[in-house]
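Shared between the two complexes below is subunit A, which pairs with subunit B and subunit C, respectively.
Now for the complex of A and B:
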């Protein structure tokens, strides 16, 4: 499941329990600065073998999951 | 035939500018700067010239090497902004040191020191020279927008130098470029030609921090892996990594991806900020003076920067402590 892998990647990055991450959890709640955001995107790119546009609108975990799913299905993100 | 590194030197301005001082200029704080970049303070040229600190670094390297200026066959300076468009900084140093050799500047931004080593390597390989002086000197303070809190906190001024002689201690070296003026650059002045139709821009650093961070982390990892492999050694064999001192978080991110212990990544960014091409030779000289390096130690140098450029090498340390 894409959500599970995204949540796990996020959890490892922040050093938190993945069980506490929901699709509606916002990025603001993770307290990520702009460099954290880049590093997280890079980690997801490595995890899924995809490229993610750095300018993508990402406000919550659900947005991230949708971007990853779209990339995996061959669409641009 | 390649080279051995037989002397190091460094010099920097006397004036320290702390994060607290910058917080009085722009909307920032010491805490924010430290957390985001690892920088506590940086050196800034006031009444010294870039030539002054470049010369001081060069003299210290020559003294460390036990080489007289007149023995030099080549001077290469890596700098993105000399005090003059011409003559080159290398020519100014040649005169001031009392050398008589060919002298040139190169501009490869933060990768400049590695590019300069590559240039020197070519001359050694062709048997054209026996001794070379490589200097990296930058006056970043003259190109920073001191009202832009995103960039003015990052950079500092400084100079580092190395003296090279014929030898075989360069195990691998690789420089690359991927042309890009979109995410990182410094425009030059347009001049005063009354016929020009081009609008001038301020000579300030501009940078897309996120794109540059991504480029830098990928470059640092990729190039370290490549040059260590090209040297025919294992990552575990590397005694120290001297990464370009751009941002602590770049170094930390890259360190997490390689099989080189985190303790082997050297850093002095907290006291100097990003001194562009000068950062690696300043770091190398500081560590040399602390007797951290021993004969046979394998040093991995890796730089990345405007261009985009990268430069990396594996160097076997040959100097006695």
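Now for the complex of A and C:
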């Protein structure tokens, strides 16, 4: 399931428990600076073998999951 | 000395002059380009009209290629990004953000894009978005800084991308240039040394502060705001740091205290109450010289060092 894998990547990146991450968890809650944000997106790209448009609107975990699912199904992010 | 960067950008020496706000105008940029390097006009927080005028002024002063630096946090970033494309400036460098939204327009206009990158991930991202080179800038530099040093950032970026890498941060003489090349860079960007170029139009007091500076005279402040800045320690810096550690002062108030401080020092010469942004290499900068002489001297020194490296290996 995409959400689980996204949550796991996020959890590893932040060194937190994946169980605490929900679809509605906002990016602001992760306290990522601009460098972290790009690094995290690159990590997700490697995990899923996709490319994510950096200009995508990503406010919560659900947004990220939708982008990944769209990419995996062959659509543009 | 010619490297892959010279071929790529049609310049004689692989030296960029940093896009320093309130410093890097048409006068300095054209002098550096005439000296064989790549002069760069800083669009800073200026509007489209100011930038267009500076570009035209530079074109009247040099036939050589020059660049424009876009500070992506500028309220006029969209407008000045369009001017770069309209005017078909040879090279655009970017800082303080991700330039991805402007890449298509710049590439379509034939503008070569060279972003300043503070990390490997950002270098990889801009490389795949069409950047023709990257500037890996370490935290020894003046102005806005990241966390990594030039010594650690440059080789890691070189390993991560297959486009030319320009090293920046802490380089002020031929030794720095030679060291940067050993780390894998094929070009260097200098800010602080060009602050004291004769053609640099900043206030005399600012130049004197750089010339008098010692190794320990810079510090960073503003980490609380998410974008720390390196500058010479003075009354302004001390007060800024005091406020930064005062929890009763909001981020907005702290931002407001810093606003206009660089202009005050660079243009009006108030080097006590203004921000004298400069890199750790200030202590290496000893005399005011024409930009062309700085370039010539530095590259000759680097070349001699690189040729003489053999004896170290016995």
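Things worth noting here:
Just so it is clear, the second predicted complex is superposed on the first by the 77 of 77 C-alpha atoms of A that agree within 3 Å, B and C clash if a C-alpha of one lies under 4 Å from a C-alpha of the other, contacts with A are read in each partner's own complex, and residues count from 1 in each chain.
Methods note: contacts are C-beta pairs under 8 Å (C-beta built on N, C-alpha and C of every residue); 3 or more make two chains touch, one makes a residue touch a chain.
On a predicted model such as this, the values are computed, not experimentally measured, just so you know.
Under the clash rule set out above, the superposition-derived model of subunit A with subunit B and subunit C contains a clash between the two partners.
Touch criterion not met for A:22: it reaches neither subunit B nor subunit C. Once the two complexes are overlaid on the shared chain, A:72 sits clear of subunit B and of subunit C alike.
Of the two partner chains placed by superposition, subunit B and subunit C are both touched by A:42.
By the touch criterion stated above, A:34 is placed in contact with subunit B and with subunit C alike.
When the shared chain is aligned, subunit B and subunit C each come close enough to touch A:54.
When the two complexes are superposed on chain A, the residues of subunit A that touch both subunit B and subunit C are 33-35, 38-39, 41-42, 54. The touching residues of subunit A, when paired with subunit C in their complex, are 33-35, 38-39, 41-42, 51, 53-55.
By the touch criterion stated above, subunit A contacts subunit B in their complex at residues 33-35, 37-39, 41-42, 54.
Interface residues of subunit B, counted against subunit A in their complex, comprise 36, 209-211, 213-214, 217-218, 247, 249, 253.
Only residues 97-98, 100-101, 118-119, 121-122, 124-125, 128, 146-147, 226 of subunit C touch subunit A when the two sit together in their complex.
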